[in-house]
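Let me begin by presenting the structure, written as C-alpha coordinates, before commenting on it.
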(Lines give C-alpha, C1' and ligand atoms only; values in the text may rest on other atoms or scores of the structure.)
Protein backbone atom coordinates (compact mmCIF):
# COMPACT_ATOMS: atom_id res chain seq x y z
CA UNK A 1 0.00 0.00 0.00
CA UNK A 2 1.01 3.59 -0.68
CA UNK A 3 -0.42 6.42 1.40
CA UNK A 4 -1.27 9.55 -0.57
CA UNK A 5 -1.77 12.87 1.24
CA UNK A 6 -3.42 16.06 -0.01
CA UNK A 7 -3.03 19.42 1.65
CA UNK A 8 -4.84 22.75 1.63
CA UNK A 9 -6.67 23.45 -1.67
CA UNK A 10 -5.85 19.96 -2.93
CA UNK A 11 -7.60 18.23 -0.04
CA UNK A 12 -10.67 20.35 -0.66
CA UNK A 13 -10.63 19.53 -4.38
CA UNK A 14 -10.14 15.84 -3.63
CA UNK A 15 -12.82 15.89 -0.95
CA UNK A 16 -10.41 13.98 1.29
CA UNK A 17 -7.02 14.34 2.90
CA UNK A 18 -5.69 10.86 2.50
CA UNK A 19 -6.12 7.88 0.22
CA UNK A 20 -4.45 4.46 0.19
CA UNK A 21 -3.48 2.78 -3.01
CA UNK A 22 -2.39 -0.70 -3.92
CA UNK A 23 1.26 -0.65 -4.95
CA UNK A 24 1.57 -3.75 -7.06
CA UNK A 25 3.39 -1.95 -9.89
CA UNK A 26 7.05 -1.77 -8.99
CA UNK A 27 8.06 0.81 -11.61
CA UNK A 28 5.69 3.54 -10.61
CA UNK A 29 6.69 7.23 -10.45
CA UNK A 30 4.93 9.91 -8.44
CA UNK A 31 3.42 11.06 -11.71
CA UNK A 32 2.06 7.55 -12.45
CA UNK A 33 0.63 7.46 -8.95
CA UNK A 34 -1.07 10.81 -9.42
CA UNK A 35 -2.57 9.62 -12.73
CA UNK A 36 -4.06 6.62 -10.96
CA UNK A 37 -5.34 8.59 -8.00
CA UNK A 38 -7.25 11.26 -9.89
CA UNK A 39 -9.40 8.75 -11.78
CA UNK A 40 -11.59 7.96 -8.80
CA UNK A 41 -11.70 11.51 -7.43
CA UNK A 42 -13.47 14.78 -8.37
CA UNK A 43 -12.35 16.32 -11.65
CA UNK A 44 -11.21 19.50 -9.88
CA UNK A 45 -8.41 17.54 -8.24
CA UNK A 46 -6.80 16.70 -11.60
CA UNK A 47 -6.98 20.36 -12.63
CA UNK A 48 -5.31 21.51 -9.42
CA UNK A 49 -2.83 18.66 -9.13
CA UNK A 50 -1.38 19.14 -12.61
CA UNK A 51 -1.42 22.94 -12.72
CA UNK A 52 2.37 23.12 -12.51
CA UNK A 53 2.61 24.62 -9.02
CA UNK A 54 2.31 21.44 -6.96
CA UNK A 55 5.43 20.01 -5.29
CA UNK A 56 5.75 16.48 -4.01
CA UNK A 57 7.28 14.78 -0.99
CA UNK A 58 8.00 11.11 -0.49
CA UNK A 59 8.27 9.97 3.12
CA UNK A 60 8.27 13.59 4.28
CA UNK A 61 11.25 14.54 2.12
CA UNK A 62 11.12 16.74 -0.99
CA UNK A 63 11.03 14.59 -4.11
CA UNK A 64 9.97 15.19 -7.68
CA UNK A 65 7.35 13.91 -10.05
CA UNK A 66 9.75 11.32 -11.48
CA UNK A 67 10.74 9.87 -8.12
CA UNK A 68 9.93 6.14 -7.91
CA UNK A 69 7.51 5.13 -5.20
CA UNK A 70 7.18 1.78 -3.48
CA UNK A 71 4.93 -0.09 -1.11
CA UNK A 72 4.96 1.51 2.31
CA UNK A 73 5.79 4.98 1.00
CA UNK A 74 3.93 8.09 2.03
CA UNK A 75 3.49 10.43 -0.92
CA UNK A 76 2.32 14.00 -0.32
CA UNK A 77 1.12 16.57 -2.83
CA UNK A 78 1.98 20.10 -1.72
CA UNK A 79 0.36 23.18 -3.22
CA UNK A 80 2.27 26.47 -2.91
CA UNK A 81 2.93 27.07 0.76
CA UNK A 82 1.81 30.14 2.72
CA UNK A 83 3.14 29.82 6.25
CA UNK A 84 4.95 32.41 8.28
CA UNK B 1 27.93 83.35 30.07
CA UNK B 2 28.44 80.30 27.89
CA UNK B 3 28.01 76.81 29.36
CA UNK B 4 30.56 74.26 28.13
CA UNK B 5 29.88 70.53 28.58
CA UNK B 6 32.31 67.63 28.35
CA UNK B 7 31.25 64.01 27.98
CA UNK B 8 32.82 60.61 28.51
CA UNK B 9 36.61 60.59 28.06
CA UNK B 10 36.64 64.38 27.71
CA UNK B 11 35.05 64.95 31.11
CA UNK B 12 37.65 62.65 32.66
CA UNK B 13 40.49 64.48 30.92
CA UNK B 14 39.05 67.84 31.95
CA UNK B 15 38.41 66.65 35.49
CA UNK B 16 34.97 68.21 35.26
CA UNK B 17 31.78 67.91 33.25
CA UNK B 18 30.81 71.52 32.95
CA UNK B 19 32.44 74.92 32.91
CA UNK B 20 30.99 78.42 32.52
CA UNK B 21 32.76 81.07 30.53
CA UNK B 22 32.35 84.75 30.17
CA UNK B 23 31.07 85.53 26.66
CA UNK B 24 32.12 89.12 26.20
CA UNK B 25 33.65 88.49 22.74
CA UNK B 26 30.87 88.61 20.21
CA UNK B 27 32.78 87.04 17.31
CA UNK B 28 33.76 83.79 18.98
CA UNK B 29 33.59 80.42 17.21
CA UNK B 30 33.38 77.04 18.94
CA UNK B 31 37.07 76.67 18.14
CA UNK B 32 37.90 79.99 19.81
CA UNK B 33 35.91 78.89 22.82
CA UNK B 34 37.78 75.59 23.00
CA UNK B 35 41.11 77.41 22.81
CA UNK B 36 40.10 79.57 25.78
CA UNK B 37 38.73 76.67 27.81
CA UNK B 38 41.76 74.40 27.62
CA UNK B 39 44.12 76.99 29.07
CA UNK B 40 42.84 76.56 32.62
CA UNK B 41 42.34 72.79 32.43
CA UNK B 42 44.61 69.70 32.45
CA UNK B 43 46.86 69.31 29.41
CA UNK B 44 45.26 65.97 28.52
CA UNK B 45 42.04 67.78 27.66
CA UNK B 46 43.71 69.76 24.86
CA UNK B 47 45.17 66.54 23.43
CA UNK B 48 41.79 64.80 23.45
CA UNK B 49 39.73 67.79 22.40
CA UNK B 50 41.76 68.50 19.28
CA UNK B 51 42.44 64.92 18.19
CA UNK B 52 40.14 65.26 15.18
CA UNK B 53 37.40 62.90 16.41
CA UNK B 54 35.43 65.30 18.61
CA UNK B 55 32.12 66.66 17.37
CA UNK B 56 30.35 69.68 18.76
CA UNK B 57 26.78 70.68 19.58
CA UNK B 58 25.42 74.13 20.29
CA UNK B 59 22.18 74.25 22.27
CA UNK B 60 21.78 70.47 21.86
CA UNK B 61 21.97 70.64 18.06
CA UNK B 62 24.86 69.39 15.94
CA UNK B 63 27.12 72.26 14.97
CA UNK B 64 30.69 72.55 13.79
CA UNK B 65 33.91 74.04 15.04
CA UNK B 66 33.31 77.25 13.07
CA UNK B 67 29.81 77.84 14.44
CA UNK B 68 29.53 81.21 16.24
CA UNK B 69 28.58 81.08 19.88
CA UNK B 70 26.89 83.71 21.98
CA UNK B 71 26.02 84.48 25.57
CA UNK B 72 23.48 82.01 26.88
CA UNK B 73 24.55 79.20 24.55
CA UNK B 74 25.26 75.67 25.72
CA UNK B 75 28.25 74.22 23.88
CA UNK B 76 28.97 70.49 24.15
CA UNK B 77 32.06 68.58 23.07
CA UNK B 78 31.20 65.05 22.00
CA UNK B 79 33.79 62.32 21.66
CA UNK B 80 32.94 59.38 19.35
CA UNK B 81 29.69 57.86 20.58
CA UNK B 82 29.21 54.25 21.64
CA UNK B 83 25.56 53.75 22.52
CA UNK B 84 23.27 50.96 21.36
CA UNK C 1 17.67 25.68 18.92
CA UNK C 2 14.09 24.51 18.74
CA UNK C 3 11.09 24.25 16.47
CA UNK C 4 7.59 24.03 17.84
CA UNK C 5 4.46 23.70 15.73
CA UNK C 6 1.37 23.97 17.91
CA UNK C 7 -2.14 25.36 18.07
CA UNK C 8 -1.53 26.89 21.47
CA UNK C 9 -0.56 30.53 21.82
CA UNK C 10 2.92 31.57 22.96
CA UNK C 11 4.12 34.18 25.44
CA UNK C 12 6.65 36.46 23.77
CA UNK C 13 8.10 37.74 27.06
CA UNK C 14 8.59 34.21 28.34
CA UNK C 15 10.17 32.99 25.10
CA UNK C 16 12.52 35.97 25.12
CA UNK C 17 13.54 35.19 28.70
CA UNK C 18 14.16 31.53 27.87
CA UNK C 19 16.36 32.47 24.94
CA UNK C 20 18.42 34.87 27.09
CA UNK C 21 18.78 32.33 29.89
CA UNK C 22 20.02 29.71 27.46
CA UNK C 23 22.53 32.11 25.88
CA UNK C 24 24.30 34.04 28.62
CA UNK C 25 27.06 35.18 26.22
CA UNK C 26 24.73 36.73 23.67
CA UNK C 27 24.90 40.48 23.21
CA UNK C 28 22.12 40.75 20.66
CA UNK C 29 18.64 39.28 20.44
CA UNK C 30 16.41 39.84 17.44
CA UNK C 31 12.94 38.61 17.13
CA UNK C 32 10.00 38.64 14.86
CA UNK C 33 6.33 38.03 15.52
CA UNK C 34 3.79 37.61 12.74
CA UNK C 35 0.18 38.43 13.57
CA UNK C 36 -3.16 37.73 11.90
CA UNK C 37 -4.40 40.83 10.13
CA UNK C 38 -8.12 41.34 9.85
CA UNK C 39 -8.29 41.92 6.11
CA UNK C 40 -7.75 39.77 3.06
CA UNK C 41 -4.16 39.73 1.90
CA UNK C 42 -4.70 39.17 -1.81
CA UNK C 43 -6.14 41.76 -4.18
CA UNK C 44 -8.82 39.45 -5.60
CA UNK C 45 -10.44 39.14 -2.18
CA UNK C 46 -9.72 42.64 -0.96
CA UNK C 47 -11.97 45.50 -1.95
CA UNK C 48 -10.72 48.46 -3.98
CA UNK C 49 -12.28 50.81 -1.53
CA UNK C 50 -10.21 50.50 1.60
CA UNK C 51 -12.89 52.00 3.82
CA UNK C 52 -15.28 49.21 3.08
CA UNK C 53 -12.70 46.46 2.66
CA UNK C 54 -14.09 43.09 3.67
CA UNK C 55 -12.70 41.63 6.87
CA UNK C 56 -11.58 38.13 7.58
CA UNK C 57 -13.04 36.32 10.55
CA UNK C 58 -10.18 33.93 11.09
CA UNK C 59 -7.28 32.07 9.51
CA UNK C 60 -7.22 28.32 9.29
CA UNK C 61 -3.67 26.95 9.14
CA UNK C 62 -2.74 23.39 8.32
CA UNK C 63 0.66 21.80 7.99
CA UNK C 64 2.37 18.55 7.11
CA UNK C 65 3.28 17.22 10.56
CA UNK C 66 6.79 15.85 10.68
CA UNK C 67 7.90 17.43 7.43
CA UNK C 68 7.34 21.01 8.65
CA UNK C 69 9.42 20.41 11.76
CA UNK C 70 12.33 18.94 9.85
CA UNK C 71 12.28 21.72 7.22
CA UNK C 72 12.30 24.36 9.96
CA UNK C 73 15.07 22.53 11.79
CA UNK C 74 17.15 22.48 8.60
CA UNK C 75 16.54 26.18 8.07
CA UNK C 76 17.61 27.03 11.60
CA UNK C 77 20.72 24.88 11.33
CA UNK C 78 21.65 26.63 8.10
CA UNK C 79 21.04 30.07 9.60
CA UNK C 80 23.22 29.33 12.62
CA UNK C 81 26.07 28.07 10.45
CA UNK C 82 25.80 30.78 7.82
CA UNK C 83 25.50 33.80 10.11
CA UNK C 84 27.50 32.49 13.05
CA UNK C 85 24.77 33.14 15.60
CA UNK C 86 24.44 31.23 18.86
CA UNK C 87 20.82 30.14 18.89
CA UNK C 88 17.60 30.38 16.91
CA UNK C 89 14.07 29.33 17.70
CA UNK C 90 10.81 29.01 15.82
CA UNK C 91 7.27 28.66 17.08
CA UNK C 92 4.54 28.42 14.45
CA UNK C 93 0.89 28.08 15.29
CA UNK C 94 -1.59 26.05 13.24
CA UNK C 95 -5.35 25.55 13.40
CA UNK C 96 -7.95 28.27 13.68
CA UNK C 97 -6.53 31.71 14.54
CA UNK C 98 -8.65 34.82 14.83
CA UNK C 99 -7.71 38.36 13.81
CA UNK C 100 -4.77 39.83 15.78
CA UNK C 101 -3.70 36.41 17.06
CA UNK C 102 0.00 35.63 17.05
CA UNK C 103 0.99 33.25 14.24
CA UNK C 104 4.74 32.87 14.24
CA UNK C 105 7.71 33.65 16.45
CA UNK C 106 11.31 33.63 15.28
CA UNK C 107 14.08 34.57 17.71
CA UNK C 108 17.83 34.69 17.24
CA UNK C 109 20.56 35.29 19.82
CA UNK C 110 24.12 36.09 18.86
CA UNK C 111 27.19 38.18 19.52
CA UNK C 112 26.46 40.93 17.04
CA UNK C 113 23.30 42.62 15.88
CA UNK C 114 23.92 42.52 12.15
CA UNK C 115 24.27 38.74 12.03
CA UNK C 116 21.29 38.28 14.34
CA UNK C 117 19.11 40.47 12.10
CA UNK C 118 20.21 38.62 8.99
CA UNK C 119 19.65 35.19 10.53
CA UNK C 120 16.13 36.15 11.65
CA UNK C 121 15.23 37.46 8.19
CA UNK C 122 16.73 34.40 6.53
CA UNK C 123 14.67 32.08 8.73
CA UNK C 124 11.46 34.03 8.07
CA UNK C 125 12.06 34.09 4.32
CA UNK C 126 12.72 30.34 4.20
CA UNK C 127 9.85 29.57 6.48
CA UNK C 128 7.47 31.50 4.20
CA UNK C 129 8.79 29.90 1.04
CA UNK C 130 9.51 26.29 2.04
CA UNK C 131 7.81 25.22 5.27
CA UNK C 132 4.83 22.95 4.56
CA UNK C 133 2.26 25.24 6.10
CA UNK C 134 -0.88 26.59 4.42
CA UNK C 135 -3.20 29.42 5.37
CA UNK C 136 -6.87 29.77 4.54
CA UNK C 137 -8.48 33.17 5.00
CA UNK C 138 -12.13 32.90 6.04
CA UNK C 139 -14.35 35.96 6.18
CA UNK C 140 -17.04 38.09 4.65
CA UNK C 141 -15.69 37.47 1.13
CA UNK C 142 -15.55 33.72 1.51
CA UNK C 143 -12.76 31.25 2.18
CA UNK C 144 -9.55 31.37 0.22
CA UNK C 145 -6.31 29.36 0.40
CA UNK C 146 -3.22 31.52 0.09
CA UNK C 147 -0.43 30.44 -2.21
CA UNK C 148 3.13 31.56 -1.84
CA UNK C 149 3.35 35.15 -2.88
CA UNK C 150 5.81 36.32 -5.52
CA UNK C 151 7.29 38.65 -2.95
CA UNK C 152 8.07 35.76 -0.63
CA UNK C 153 9.59 33.71 -3.41
CA UNK C 154 11.82 36.68 -4.26
CA UNK C 155 12.73 37.20 -0.62
CA UNK C 156 13.85 33.60 -0.29
CA UNK C 157 15.80 33.70 -3.55
CA UNK C 158 18.04 36.58 -2.55
CA UNK C 159 19.83 34.37 -0.03
CA UNK C 160 20.88 32.10 -2.87
CA UNK C 161 22.39 34.80 -5.05
CA UNK C 162 24.36 36.54 -2.30
CA UNK C 163 27.19 34.21 -1.35
CA UNK C 164 28.81 35.47 1.77
CA UNK D 1 6.39 56.28 18.56
CA UNK D 2 8.41 56.91 21.68
CA UNK D 3 11.93 57.36 22.98
CA UNK D 4 12.79 56.67 26.58
CA UNK D 5 16.24 57.13 28.10
CA UNK D 6 16.29 55.80 31.64
CA UNK D 7 18.37 53.91 34.16
CA UNK D 8 15.50 51.61 35.04
CA UNK D 9 15.21 48.19 33.42
CA UNK D 10 12.45 47.41 30.92
CA UNK D 11 10.16 44.42 30.51
CA UNK D 12 10.37 43.09 26.96
CA UNK D 13 7.10 41.16 27.16
CA UNK D 14 5.25 44.22 28.40
CA UNK D 15 6.79 46.53 25.78
CA UNK D 16 5.86 44.04 23.06
CA UNK D 17 2.28 43.93 24.33
CA UNK D 18 2.04 47.72 24.42
CA UNK D 19 3.29 47.98 20.86
CA UNK D 20 0.74 45.41 19.64
CA UNK D 21 -2.10 47.08 21.52
CA UNK D 22 -1.24 50.44 19.99
CA UNK D 23 -1.05 48.97 16.46
CA UNK D 24 -3.98 46.62 15.93
CA UNK D 25 -3.47 46.64 12.14
CA UNK D 26 0.16 45.53 12.25
CA UNK D 27 1.00 42.13 10.81
CA UNK D 28 4.68 42.16 11.66
CA UNK D 29 6.62 43.12 14.77
CA UNK D 30 10.41 43.08 14.85
CA UNK D 31 12.46 43.83 17.82
CA UNK D 32 15.98 44.00 19.01
CA UNK D 33 17.45 43.85 22.49
CA UNK D 34 21.10 44.64 23.19
CA UNK D 35 22.60 43.09 26.32
CA UNK D 36 25.77 43.76 28.33
CA UNK D 37 28.37 41.12 27.55
CA UNK D 38 30.79 40.16 30.27
CA UNK D 39 34.00 40.64 28.30
CA UNK D 40 35.83 43.62 26.85
CA UNK D 41 34.69 44.48 23.37
CA UNK D 42 37.90 45.97 22.02
CA UNK D 43 41.02 43.96 21.22
CA UNK D 44 43.38 46.14 23.29
CA UNK D 45 41.50 45.24 26.47
CA UNK D 46 40.61 41.67 25.55
CA UNK D 47 43.14 38.91 26.04
CA UNK D 48 44.45 36.80 23.16
CA UNK D 49 43.74 33.66 25.10
CA UNK D 50 39.97 33.40 25.16
CA UNK D 51 39.96 31.00 28.12
CA UNK D 52 41.54 33.54 30.39
CA UNK D 53 39.99 36.63 28.82
CA UNK D 54 39.45 39.38 31.37
CA UNK D 55 35.87 40.06 32.31
CA UNK D 56 34.14 43.33 32.73
CA UNK D 57 32.31 44.02 35.99
CA UNK D 58 29.89 46.56 34.62
CA UNK D 59 29.22 49.19 31.99
CA UNK D 60 28.81 52.82 32.85
CA UNK D 61 26.69 54.68 30.31
CA UNK D 62 26.30 58.41 30.12
CA UNK D 63 24.38 60.55 27.66
CA UNK D 64 23.62 64.12 26.73
CA UNK D 65 20.14 64.54 28.15
CA UNK D 66 17.83 66.32 25.75
CA UNK D 67 20.03 65.89 22.72
CA UNK D 68 19.90 62.07 22.83
CA UNK D 69 16.12 62.07 22.94
CA UNK D 70 15.78 64.43 20.01
CA UNK D 71 18.33 62.53 17.90
CA UNK D 72 16.50 59.26 18.58
CA UNK D 73 13.18 60.87 17.81
CA UNK D 74 14.55 62.12 14.47
CA UNK D 75 15.88 58.67 13.67
CA UNK D 76 12.54 57.04 14.41
CA UNK D 77 10.66 59.61 12.37
CA UNK D 78 13.00 58.99 9.44
CA UNK D 79 12.64 55.22 9.75
CA UNK D 80 8.83 55.39 9.78
CA UNK D 81 8.78 57.62 6.69
CA UNK D 82 11.45 55.74 4.78
CA UNK D 83 10.22 52.18 5.37
CA UNK D 84 6.52 52.90 5.67
CA UNK D 85 6.13 51.18 9.02
CA UNK D 86 3.40 52.04 11.51
CA UNK D 87 5.29 52.53 14.75
CA UNK D 88 8.76 52.38 16.25
CA UNK D 89 9.99 52.65 19.82
CA UNK D 90 13.32 52.99 21.54
CA UNK D 91 14.28 52.45 25.16
CA UNK D 92 17.92 53.01 26.04
CA UNK D 93 19.29 52.56 29.52
CA UNK D 94 22.06 54.70 31.00
CA UNK D 95 23.99 54.56 34.27
CA UNK D 96 25.67 51.51 35.75
CA UNK D 97 24.68 48.23 34.08
CA UNK D 98 26.12 44.89 35.08
CA UNK D 99 26.92 41.95 32.80
CA UNK D 100 23.88 40.44 31.06
CA UNK D 101 21.73 43.48 31.82
CA UNK D 102 19.50 44.78 29.05
CA UNK D 103 20.84 47.97 27.46
CA UNK D 104 18.65 48.86 24.54
CA UNK D 105 15.27 47.94 23.08
CA UNK D 106 14.15 48.82 19.57
CA UNK D 107 10.75 47.67 18.34
CA UNK D 108 8.99 48.22 15.04
CA UNK D 109 5.45 47.34 14.02
CA UNK D 110 4.30 47.36 10.41
CA UNK D 111 2.32 45.66 7.70
CA UNK D 112 5.14 43.63 6.24
CA UNK D 113 8.13 41.90 7.71
CA UNK D 114 10.77 43.10 5.29
CA UNK D 115 10.10 46.79 6.00
CA UNK D 116 9.89 46.13 9.74
CA UNK D 117 13.26 44.36 9.72
CA UNK D 118 14.87 47.15 7.73
CA UNK D 119 13.44 49.89 9.94
CA UNK D 120 14.71 48.14 13.09
CA UNK D 121 18.20 47.73 11.64
CA UNK D 122 18.22 51.31 10.42
CA UNK D 123 17.28 52.59 13.88
CA UNK D 124 19.93 50.48 15.59
CA UNK D 125 22.62 51.54 13.12
CA UNK D 126 21.78 55.22 13.58
CA UNK D 127 21.47 54.90 17.30
CA UNK D 128 24.95 53.36 17.49
CA UNK D 129 26.51 55.94 15.22
CA UNK D 130 24.76 59.20 16.16
CA UNK D 131 22.98 59.08 19.53
CA UNK D 132 24.92 61.01 22.16
CA UNK D 133 25.49 58.01 24.42
CA UNK D 134 28.85 56.75 25.68
CA UNK D 135 29.84 53.45 27.27
CA UNK D 136 32.66 52.81 29.68
CA UNK D 137 33.69 49.23 30.30
CA UNK D 138 34.91 48.66 33.83
CA UNK D 139 36.53 45.38 34.86
CA UNK D 140 39.61 43.40 35.65
CA UNK D 141 41.59 45.16 32.91
CA UNK D 142 40.65 48.63 34.01
CA UNK D 143 38.15 51.21 32.80
CA UNK D 144 37.90 52.12 29.15
CA UNK D 145 35.61 54.44 27.20
CA UNK D 146 34.41 52.94 23.93
CA UNK D 147 34.52 55.00 20.78
CA UNK D 148 32.31 54.36 17.81
CA UNK D 149 33.56 51.26 16.08
CA UNK D 150 34.46 51.23 12.41
CA UNK D 151 31.87 48.53 11.91
CA UNK D 152 29.11 50.73 13.29
CA UNK D 153 30.20 53.68 11.18
CA UNK D 154 30.05 51.42 8.12
CA UNK D 155 26.67 50.04 9.13
CA UNK D 156 25.23 53.54 9.40
CA UNK D 157 26.78 54.62 6.11
CA UNK D 158 25.09 51.93 4.02
CA UNK D 159 21.70 53.58 4.50
CA UNK D 160 23.04 56.67 2.79
CA UNK D 161 24.32 54.93 -0.32
CA UNK D 162 21.23 52.81 -0.93
CA UNK D 163 18.54 55.17 -2.11
CA UNK D 164 15.23 53.35 -2.11
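As written, the chains take the letters A, B, C and D, and residue 1 is the first residue of each chain.
Note that in this section a residue touches a chain if its C-beta (ideal position, glycine included) is under 8 Å from a C-beta of that chain, and two chains touch if they have at least 3 such contacts.
Source: prediction; values computed, not measured.
A.B. asks: List every chain that touches both chain B and chain C.
C.D. replies: Expected: D.
A.B. asks: How many angstrom lie between the centres of chain C and chain D, each centre taken as the mean Cα position?
C.D. replies: Their C-alpha centroids are separated by 24 Å.
A.B. asks: Just give me the whole-number Å value for how far the CA centre of chain A lies from that of chain D.
C.D. replies: One centre to the other, that is 49 Å.
A.B. asks: Counting only Cα atoms for the centres, state how far chain A is from chain B in Å.
C.D. replies: Distance between chain centres: 74 Å.
A.B. asks: Distance from the CA centroid of chain B to that of chain D, rounded to the nearest Å?
C.D. replies: Centres of chain B and chain D (C-alpha means) sit 26 Å apart.
A.B. asks: Which positions in chain B touch two or more other chains at once?
C.D. replies: 84
A.B. asks: Send over the residues of chain D in touch with two or more other chains.
C.D. replies: Residues 34, 113, 124 of chain D touch two or more partner chains.
A.B. asks: Can you list every touching chain pair?
C.D. replies: Final set of chain pairs in contact is A-C, B-D, C-D.
A.B. asks: Which part of chain C faces chain A closely enough to touch in the complex?
C.D. replies: Interface residues on the chain C side: 34, 61-64, 66-68, 70, 92, 103-104, 124, 127-136, 145-149, 152.
A.B. asks: Would you mind writing out the residues of chain A in touch with chain C in their complex?
C.D. replies: 5, 7-9, 12, 53, 57, 60-61, 76, 78-84
A.B. asks: Flag every residue of chain D that touches chain C in the complex, lowest number first.
C.D. replies: For this pair, the touching residues of chain D are 11-14, 16-17, 20, 24-38, 100, 111, 113-114, 116-117, 120-121, 124, 151, 155.
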